[in-house]
Structure formats: structure tokens, C-alpha cells
Amino acid sequence: ATACGGTTKEDVKNEGGAAASAGKADPNAATKKGLTVGFLPKQVNNPYFTSADKGGEKAVKELGSRFKEVGPTSATDTAGQVSYVNTLTQQQADAMAVSAQDPGALCTALKQAMKNDIKVVTYDSDTKPDCRNAFVSQASAEDLGRTEVQLLAEQIGYKGEIAILSAAQTATNQNTWIEFMKDELKNPKYKDMKLVKVAYGNDDAQQSFQQTQGLLQEYPNLKGIISPTTVGIKAAAQYLSGSKYKGKVKLTGLGTPNDMRKYVKNGTVEAFELWDPAKLGELAARTAIALASGQITGQEGETFTAGAMGEYTIGEDGVINLGKPTVFNADNIDQFDF
Amino acid sequence: MTHPSDTGPAPVLALKGISKSFGAVRALRDVSLELFPGEVHALAGENGAGKSTLIKTLAGVHRPDAGQVLLDGEPVVFHGPGDARDAGIAVIYQEPTLFPDLSIAENIFMGRQPRRALRRIDHKATHDATTALMRRLGVELDPDRPARGLSIADQQIVEIAKALSFDARVLIMDEPTAALTNSEVARLFGVVRALRDQGAAVLFISHRLEEIFEICRTVTTLRDGAWIASEPLDGMTEDDLVRRMVGRDLAELYPKQDVTPGEVALSVRRLTREGVFTDVSFDVRRGEIVGLAGLVGAGRTEVARAVFGIDRRDAGEVEVDGRKLTNGAPSTAMAAGLALVPEDRRAQGLVMDMSIERNIGLTGLGTTVKAGLMDRGAERSRSLDWAVKLRVKYARIADTVDTLSGGNQQKVVLAKWLATGPKVLIVDEPTRGIDVGTKAEVHRLLSQLAADGVAVLMISSDLPEILGMADRVLVMHEGRLTAEIPRTDATEETVMAAATGRAA
Amino acid sequence: MTLTAPDEAPVAEVPKAGATRLADRVFKMRELAILAVFLVMIAVTQAGNSAFLSEQGIKDLLLNATILVLVATGQALVVITRNVDLSVGSTLGISAFAAGTYLQGGGNPVVAVALAVLLGIGFGLLNGLLVSLGQVPALVVTLGTLYIIRGIDSIWVGSRQITAADLPGGFVDFGSGGISAVPYLALIALAVLVATAYYLRHFGGGRELYALGSNPEAARLAGIPVRKRILAAYTFCGALAGLAGAMYLARFGNVDSGTGSGYELTVVSAVVVGGVVFTGGSGSVYGAALGALLLTSINSVLPALGVSSVWVLAINGILLVLAIAVDRIVALRVATALKKRNARHA
Amino acid sequence: MPDSLTRAVRWDTVVGALLVVVLLLSFTTVDGFGNALNLSFLIGNTLPIALIALPMTLLVVSGEIDLSVASTAGLSGAVMGALWNQGMAIETIIPLCLLLGVVCGLVNGLLVTRLGLPSLAVTIGTLAAYRGIAQIVLGSDAVTDFPSAYLDFAAGRIGDTFVPYAFLPFLVLLAIAVVALHATPFGRSLFAIGAGEEAARFAGIRVKRQKLILFTVTGLMSALTGVFWALHYASARYDNATGLELSVVAAVLLGGIDFDGGKGTLGGAVAGVFLLGALQNVMSLKDVSAQSQIVVTGVLLVLSVLGPRVARQIAVARAGRKAATAPDAKTPAPTS
């Protein structure tokens, strides 16, 4: 394909990606035992992924298979993550659940794994659809994006300037949510609200901290901040609670109850939301085992039972949605521990 | 030849049966030495005889493999230079060891600064004491100036000031005069005599024999690490001393051959570097040895650097064989046939961590090449040839140069530049720290080179050397050429007159 | 062959005052250049955003710099001795977590700080011993201990984290509190800084650090206890990294196994921007502290000016290079002036 | 005998031997290590470090360092992605990216040689600057749709062997680098510059020019690595190869290259690179956690400097003992 003396993006479009080979699903196949399921989070030692993977571990053990967790110590070490995919392939795991640092970078390795008959489920953060069998999504991106705007709007009375404090600029899921937030804001009921800026704290406590300061200095009339990342919301809450803006500037987003308990109690934060990471991990594990047992293949419309979590249907592009997120506030926060 | 007797005053410091090896090199073998209060004792020997090693053993830098150091008759073990200093021993090492980032005053008093209350440093007292020391040595050096950028001579002066700054019972000096001109040497000797009269014991090393005879009373000679003799200098001649050192009679020290100068090889016109030297013009012809004399800091080294292209010149031109040299480009100067033997061999002349072979090879990177790759055989034979020609004393040609004695290092620098087969050779203090035997050889070599048609510009603070070797003497004073004196008229008086600015 | 000096060489009274002042100026110039860059930057920002220098704004600026200033002060000491400690980020992280774990169990804040400092001292000693006894390149050793300490930290901490909720309220309030615009933490850092600078200038031990960085061989010959001094510099650096860890905990209330990773490059940048030369022997802790202030302020200035965070990193880097270049050019100019001034034949 | 002994304990030889031992042990005892696929993974994942380690070794030998290499790689990847999105042909893009690397290297080099700034400081600055520019150029995009012929070349291997395609060009580059450093006057002059810059200048070596060349080549190689990275992982993002500089530095140090300049061999550096790569691969296969792997890397680094030192001391002590016991008949008895 060398039109005009070179290969360009146009030429590649016609190449077409080879979709993951899909055999035939047998919904009644027995759940296999003694499988090895590898969990590969974006980063080990990350509390969020640790709870997710604990959920996965519980489910895998329950189903009589072996669980293992591997992964890089840095959330931006893509090469490290790739080499862990390779390692799992070498060790001939039966299935792996991966939270992808990068939608493209893991593709070659994941395809290699699928070629070796390993089932690949992504969770939390997806790759390109043809590089895995199924994606377990924490909540529909649309739900998350829209509800966060709704939460904040209620707190500031549908009026005033707001800003977003996101993670890395390249974080795929954050970016999707932010798109939905912007879309939600187009609704006339938010006509008095104005999104003034999206800042990036790179999921680093100190940077998120300084970005929050910057937002408040640049926009003295700021009324609210949405931070759709657990690290960001925590840093922003810590800054606000130690500053004169405490209680005046509202903060919401995605956070864990344990992180945020203090700020909810001291009045810095009214309400925020999150799905239960352990449930996310559990569903990823059950999906992986269902795939490995041949009960599903990842085609749209297939259904399977995820133990006590009930029945799930595979949606478009092999996406499985966990369900609606939980909203936490002063009334209910003490009922949760994760 | 008598061993130091047991009569008379007791020695302050003595060495008994000291041996010291570095790997396979036996630098000292069963050497003994006694230093008496009120006496200046000379230590003589060829390059590599073990003088500096002996001194470092005395100063606690090296631990002897065998033997004892006795202080006031009691055996002592110095665990480091600090111990020796605390015992009242002041040492001037052969190579200046200054802190380039610190001021001269701090350099002198480091580790023993005058204190105020709460052990805080008294900066003012430090400054004043330094000023006083400088006055005693008769030099002008700003105590607050950092040591970085001091000429070798000035560095040596700071070293001397450092040693004088505390009332040492024993003063040890390893070639303190190698970089100094006569007037500074005279000053230094004045101070040394005063110390001696106050009862200090002094150990003095120099390759300038006349200095030994001038200030010392006794001499200990070493040869190849072995003790040869300790004896009074009274009644000895220079030849006697040389024979002890070298074990044979010495050839003539200034074997200048008469030559008829050819055409101009090096032509320097109105060379100027602002604030350093101004309007320097001179020619050097093929076959000629031109001496460049002047007091320390007159700017001779700076002229040489600018001619060679190490420093950029602000104005003026340099031609070699009629070809103009690019400003600030030593590589083109080399290509034109110019060679510069620099004054600071450790920093400028040698890569201390590299082998002798590669150091000499460094100037031949353009020639010992086959099809773009290094020709190792050619490199080795080129290096070996010259190392042998200059009688460098080494164990293996692949040893690093920092294991060589100072004089042998100097020979490697010479070898490195002579190996380029230069048309014009500039030598800056070529025989600094070289023993008499080798010095004669270097002179013979320079003379031979000149006879073969090389133009030689010789910068030296050793006036007899200039007078003995040069066909013509150029004299600098405060950055300007003040005189050009033909060989026949050159005497110490005429040269010094021009060098000090008293019109010739 | 004695040749007496021409006339009693006139020891012309060196124009002491002038030269001293000039030398002093060189010394100060290095810091002045950075200070100027810093002030210009602040002024521009204030002009663009009047809220920048509000009480809260100043407080934030100072708080942000505090931790880096502390670590940079310790690092400067090590760099002055011609060494480097790359493990400070790891040390900071592990001591912060240690202090946090202790406080989580309901401990006394003062003891917690002491614990962090002690841990820092421990790692500092380890580094110092490896470097000075082994006489091995500091860069390699401390890169090694960077990994080792970080690895131990990760294994120990796992996915646990300390959050503000786990800490005594007083401790966290102290971290963000202060006397009007001046945070307590900044006062502590300032006190440490001034004391260190005074020690370096006016005590033998301090000057000896410069000496052995300037020329280690000469330092040995001058009888300076080289190993002891290097050990002390590393220990001090470790102690400050530990103290900084405790402050990090108080300030951010949030510590996990990744705390402080990658900090070494920031610290080294601060020190270098502050004019402490990597080949040892020169520079001052004030310079390092100014460098730290400049670096952290860039991170506050750009968001305050509304510069999109996409641009922040690039501007940061370019400013860093500019600061180093300007500093160098100023230093060169002054050195030339000094040389002409000091030339014997003026 | 003591001669060959001291030479045998040279650290680069030790690293080489260690690499062989690790490989042999792993072949025999670690499941899944020896097969061709795993070996090709190992090599493929190590290649970026190895590619940059080549010019870095030369740079460090000459007494300088470049910490901006990973950012240069990231920038070239980002530019590659951005231009690709613009619809430019990949055959044009790649040379442009390499040219960009040359420019990045040149900027570093000019700052170091013209202004005389310390390279460590300069490249910490450009580390941030280049990465920042990459962020501006590509923003949050991740470009993945490069032509499969290129992707296959960067990620694939020759048939069923363990040799990735990309390994062959690397071997050629390695050979060039080895010859340049160890067999040409240029390489010789680098050692001289690193060990004694002033003396090198006095010997007519064009110090600044050589350094400028080195920085430029380092930029070029970093850009090449960036292109390779983007194709190998089929992903061009602004944060590609973040933190790679530390891995390169660690590997090069492990290979016995002295950061004071003037010492080291390319063989040692490359052995260091692959030793770290192989160990990480083996440890992962053995289910050693990432955290413990970090500790192992650290311990190796510390040992890499303590090891040669201890070896040297042993060698010196041995030689000393030998000299001391050697009978010496020549010693003249001191006359009295």
C-alpha cells in the first residue's frame, strides 16, 4: 500500500483489524475447575486495585480455581505491563483480567496471549475491542459522567463556575467520563453553570494538590470541583479542608469511603460516588472463568450468571456493565468499608 | 660515609629500616634517616629513587611495610596526615594540593582555623594571618582570591605558606622550588634559615644541586629505593653528589651545540590577550633555541597557550612556516607542526588514569591509524620507542602514569610531544622536577633537535638553564616583551634587569 | 648563585576592600540571579492574577516549597562534598509511612516526627557507610539504595495507605496551619536552613565539607577526617529527608507506597538550579533553598496564570534550562571581571 | 599470574560471566524461560534500553551524561503519532522523527559545550522540556493504527526462532558502537576526554566537537528508540518510555562504566543491560513480585560497585604479599 510514495493513515484504514476469533458459546457448559486466572492491574500496591483484585481472588477461589496477581509498581510503566502479559502467557495461565494502562500498547501481547488460548478480560480500563474477549466496565461511562454533574449541581444550586480535576491527560476512562459531563452540561437546566477548566493532577497527590490551588487562584469565583479520580478527589479534599475555601467550594467525584470519610464528616465534602471495586473484580473473575469454560465467547447478547451477583448480558463490543455507582454521604458512609 | 652518629643532639624525627612497596615496585628498601633540630637536611636521588615516598611515609600518608618512625626517640605510628601534623610536622608535597574553590586564606588554614567563642571560625584572624604570611614570603596574593586559576608557582607559594603557617618542629619540603624563580627562592631560603635558627629541623628536596649546597648541611642519598649515604655536605662537590645519586659520572649539563639558524619557523606578531599580555612579537628560526625568561606571573605561559591555541587571542597573528594558525584551535597548530609541552604535567600534560603507552599515543591519534581504525602495533612501538629514548623508568608500558615518579611523568610528557616530530617545539618548564642526570639528557635532546632543524622556544624559570641553552633570550615583564638578548650578552644580571622592569 | 630580589619586593597593600567586596559579590551573585528570576516570575504572576499573592496564596507558595527546601538543604550538603544522594525520595516515603503507622495507632506526634528523623538517619548512615568506607561512586550506590529502600517500602506497605482520617487532628492542622501567611512548617524549614548555613560558613566541620568536595586528595593530606565528614553529610541529608517525610505526612495527610518516588530528580534539579556545583566544593544551602522555592513556585505560577496544564511541563523544563544558563552567564561575566581586576599587571 | 588474575576480575568480565550463568541456570531450571517466544519477548522488551545504552556508554566514558533520552524518545513517538494523524506517510515521518532527535541532541550538546553547563543539570531540564513538548504535540491521544508491516517488524520475530527482527539492526549498531569506541581514534579520544579533559585539549583533541557529536548521536538514537517503542508497543503517546533514563543509567552502571568518565567497555554495558533484562524476566516467571524485583536491582547495583573494589583489594593484597616475600639480593647493606 504505497500510494503517493508512502503508507499513510488512509491506507491503514482499509487494512481492517482482525477481530478476536470467536468460537461457539455453550451456555450450559460446566464451570471448569483448577484453572489459573491471572489479575494484572494497572499498578500493584494501589488500594483501589487491591480491593478489586481481592474481590476477584474471592470469586476465583470460590469457583475452585487458582488466583494470582502480578503487575508493575508504577501506573505509567506500560512496558512493564506488557512484559507481565508476556509472563502470564509463558506461564500458560487459562485466563487473565487486565486493567490496561494504554489502549494500544498491550494489544500485540494480548493478541499473542489469545492466540495461545488464553482468555482475556479487561476491567476498569479497556483496550481496543479486538485485543480482548470482554470488558467489564465499572459503570456505564455515561452514567458516571452525568451523575457527577448532577451531584455537584445539586450542591451548588445549579449556579456558578465549576472545574474538573482529572488524572493523567491520557487516562482513557476519565476522558470518556469528561465527555459525558460536558454533554450533560448542555442541558438547559445547567444554563447558569459554567465549566471553566479541566486540570490534570496525574494521579499524584502533590500535583493534584497544586492544581487545586491553581484552580482556586485563577477562578476566585469557583463554586465546585469534580474530580473523577480517587487520588485527585482526596488531594483536593485535603487542600480544601486546610484552606479558607473549606465548605465554600463544593467537591465531588469518585472516591473511596475510607479515603473520604474524614472530609465528609468535617464538612469539606457533601457527597461523592463510586462503584464497589471488589464487585468489579469479582465480576471480572467470573467473566474470565465463564470465558475459559466456554459458557460465553464475548459476543454481544450472550448472557451468563455471575454467582450471587446475578445474571449479566454482554453488550455491544463485548462490554459488560457492573451497574449503577453508589452515592456516599454523611448518612450512609459509615456502612461501607473499602 | 658515616651513619649519623649517636653523639650530639638527639634527632627530633628519625626513620629506621623503612621499606615500602607498591604492588611489585619496591619504592623504599630498608632506609634510615635522622633529622636534627636546627639543621637543614637534603634528600637527593634520581627521579623515582623514592624521595617522595619517604616523605609521605614520614607524613603519615603511607604506612611503611616495615621499619619504624621515631619521634623524639619514641616509636610512633601516624594513622594519617593529621597525626603527623599534630606532632608538629609540616609538609610541602611535590604536587600542590590546593582546594580550588576555597580562598587562599582558607587553603592555608584548613583544618586549623583560628577560632572565636563556641569554636566558630575567626574569619578576620584567618585573613590577617594570611596577609602576614604573604608579606613574610614577599609575594602579593589576595588572601580572599580563590585558589582556582593560580599559576603553578603561585600554588607552590600557597603550599609554602601553608607549611609555614604553624610553628612546625619539623619542616619537610618536596621540591618546593621547582616552579620558582630565583628571587622567590631567595625569599624562601630566608624564611627557612630563620626557622632553622629557631630550632626547627628541615628536610629539603631539590633537583637543583646548587640549592642543596646553598642551604643544607647534610645530605642523604637514595638510589633505586635504597639508602646510599648520609653525610655532611662540607667538602663535597656537586660531582661527588651526582656520583652518589647516579652511580656514575655525569655528562655535561648544558651540551649546547652551535648551529646557524635557518629561516623563520615560528612567527608571532602583536599577540595580545587582554589583561594578560600585550603586543608580543617575536620569531624563532629553525635550529634555534630561544629562551623566554621572566618572573613568575610575567605571562610567559599565557603566551605559549595563546600561540598553541589553547586560549583565544584577542589580537595578533601566529605563523608556522608561513602558514597562519586559526585562533583557538590546537589541532590546526599541531597539524602545522607545533608542539607544546605544558607546565602543569598532571592537569595538562597527562591523563593520569591512562597508561604510559596511551598517553604518548594521544598525540598520534591521527597517525597510528590504519583504514580509520587504531593500529595498536604502531601505537605501541611509537610509545615504546620514545619511552626508551627518554629512559622513562616504569615497570610496564601499560601501567598508568600516576604510578610514576614526578620526574618520570615529565619525561612521558616530553615523549608524547617529541613523538609528533614537531617543526616548532615550545617547552614550558621542561625540566621542572627532573633530576640532574635526566636534565642533561633533556638538554642534549633539545640541542640535538635544534641541530636537526627544529625551532625551540624554551620557557624556564631556571635561569642557568636559559643561559646555558638559549641562542637568544626573550624577557617578559608584566605581560610585555621587555628585552631580546643575544647569547653572548645574556647574563643573570642583564636578564634579571629586564625581567624586573629595570630597563636593560 | 643567589640572586637577591631586585628591591625588597614591595608588598603593595592589596586593594583588599575592593577585592573582598568583589569576591563577596561573586559569592552572592549566584544566589542573586536565582532570586531575581524568582521575583520577576512572582511579579508577572501577580500582575496577571491579583489573587496570587493573597494571604492564602502566599501560604500555599511557602507550604509547597517547604518540603523541597528541607530535602534540598540536605542534598546540597552531600553535593558540596562531591557526592550525591539519590535515595532521598525513597527515604522520605518510608519515613512518612513509618510516622503515619505510628500515629495511626494513636501515638504522640512528637515521637512520630522523631521516629521519621531516626529512620532517615538510619538510611543516611547506610548510604554514608557504603560511600565512605567502600569509597565507591555515590551515584551508583545511592541509585542502588533508592531501589532497595523503595522496594522494602513497597513490600512493607503493600497497598495500605495512611489518610488524614487516620491521623490525630492536631497533627494535620499543624501541617496546614500557620501564623497568618507563614505556615509553621515553613518556619521549621527556615530554622533548619539558617542553622545549616551558619554551620557551613562558621564552623570548621562545615568548611571541611567544602574542602573535601573541592579536592578530596588534598583534604586527606590536610588531615581532614574525610570519611567521618562524608558520613556526617549523608546522615544529615538522611535526617532531613526523614523530617521532610514527617512534614509530608502532616501536610498532605496521605501516604502510600509510592510517596516520594521520582523526587530525587526534583531535589537534584533544585540543588543544581540553586548553583551548587555537582563537582563539589562550591555553592550554598541558601542557593539550594532558592532553587527549591523557584521550582515549586513554577508549579503554582503556571496554574495561577491559567496556563493549560498541557503546557506546564514544557515551560517548567525550559525555565529550568534558562535558570541554569542565566546563572552560568552571570557567573562567567563576574569571573572575567574578577580576573581582570586581579591581574597582577593592572 | 597475578596479572591475568587482576585482569580477570575486571568488573565488565564479571558481568558478562554473570549473564552467562544466569542464562544457563534459567534454561535448565526455569519453566517457560528457554522457549523461543519468551526469549524473543525478553530481547524485544530489553531492546529500547539496549539501544539507548549504546550512545550513553560513549557519553559517560567521555565524562558527560544525558538524562533526557527517554523524553527525546517520547517526543519522537509523539511527533510520529501526530504526523501520522495528519495523514503523512510513515516513510516520511520516520526520517523526520530521527531528524528531530538530532535536533534535541544538538540542543543538549550546544548548551553543554558552548555555555559550559553541567550536562546533568542541562539534561534534567530538557528531560522536562522535551516531555512537555511531546505533551503539547500529541495531548491525550494514543495513536495505535500504524501500518501492520511496520508493527510486525517492530514486534515480530524471524520465523519461530527467538530472534526478533529488530534485533538484527541492533547488532549492526552494536558493532558500529564497539568499533567506534574501542578501535578508532575517536573512541580513544573519548577515554582521554573523560579521564582528563584539559590534558586532552592540550593534546589537540577537539573536545567540544567530540562531545557535540556524542550528544547529537545520543539524540538520534533516542529518537530511533522512540520510533521503535511506538511501533513495538503499537502505541504512540506522549508519555512513552517515561523513566527509561533511570533503567539505562542503572544498566550502564551495572556494566561497570565509571561515571567519573574515562573507564568502561561497551561489552560490559550491554552485558549489564541484558543481565538486568534477563533477571527481571526470570523473576517474573518465578512469580517474584515487582516490589522484590526492585530490591534485587538495587542490591545488584550496590554490589556492582562494591564487588570490583573488594576484588581489587584482594588482588593488591596478593601482589603485595608476593613482592614482600620475593628475595632481593641486590639490596646493598647500609655502610656504616
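Read from first to last, the chains carry the letters A, B, C and D; within each, the first residue is number 1.
What we mean here is this: a contact is a pair of C-beta atoms (placed from the backbone, for glycine too) under 8 Å apart; a residue touches a chain by one contact, two chains touch by 3 or more.
Note that the structure is predicted; figures quoted are calculated from it, not measured.
J.: Find the chain most remote from chain B, comparing centres computed as mean CA coordinates.
T.: A
J.: Tally the contacting C-beta pairs at the B-D interface and at the C-D interface, and name the larger one.
T.: C-D
J.: Where the centres are mean C-alpha positions, what is the separation of chain B from chain D, in Å?
T.: Here the centre of chain D sits 42 Å away from the centre of chain B.
J.: Just curious, how far off is chain D from chain C if you go by their C-alpha centres, in Å?
T.: 29
J.: For chain A and chain D, let me know how many angstrom lie between their CA-based centres, rounded off.
T.: Result: the chain centres lie 36 Å from each other.
J.: Please report how many Å separate the Cα centroid of chain A from that of chain C, as a whole number.
T.: 39
J.: Name the residues of chain A that each touch 2 or more other chains.
T.: 44-45, 73-74, 169
J.: Check each residue of chain D and list the ones that touch at least two other chains.
T.: Within chain D, residues 135, 139, 243, 289-291, 294 contact more than one other chain.
J.: What are the touching chain pairs in this one?
T.: Between chains, contact exists in these pairs: A-C, A-D, B-C, B-D, C-D.
J.: Would you mind writing out the residues of chain B in touch with chain C in their complex?
T.: The touching residues are 59, 61, 80-86, 91, 93, 97-103, 106, 110-111, 113, 115, 119-121, 123, 131, 134-135, 138-146, 149, 182-183, 186-187, 189, 210, 214, 274-276, 297, 299, 463-464, 478-479, 492, 496, 500, 502.
J.: What part of chain C is in contact with chain B in the complex they form?
T.: My answer: residues 1-6, 8-9, 11-12, 14, 16, 19-20, 23, 202-204, 207-208, 210-211, 213-215, 217-225, 280-282, 339-340, 342-346.
J.: Which part of chain D faces chain A closely enough to touch in the complex?
T.: 31-33, 35, 37-38, 41, 45, 48, 84-85, 87-92, 135, 139-151, 155, 229, 232-235, 237-243, 280-281, 284-285, 287, 289-291, 294
J.: Which of the residues in chain C end up touching chain D in this complex?
T.: Per the stated touch rule, the residues are 130, 134-137, 139-141, 143-152, 154-155, 257, 262, 265, 268-269, 272-273, 277-279, 310-318, 320-321, 324-325, 328-329, 332.
J.: Which of the residues in chain A end up touching chain C in this complex?
T.: Chain A residues touching chain C: 44-47, 49-50, 73-74, 169, 197, 199-200, 205-207, 209-211, 213-218, 220, 234-235, 238, 241-244, 258-259, 261-263.
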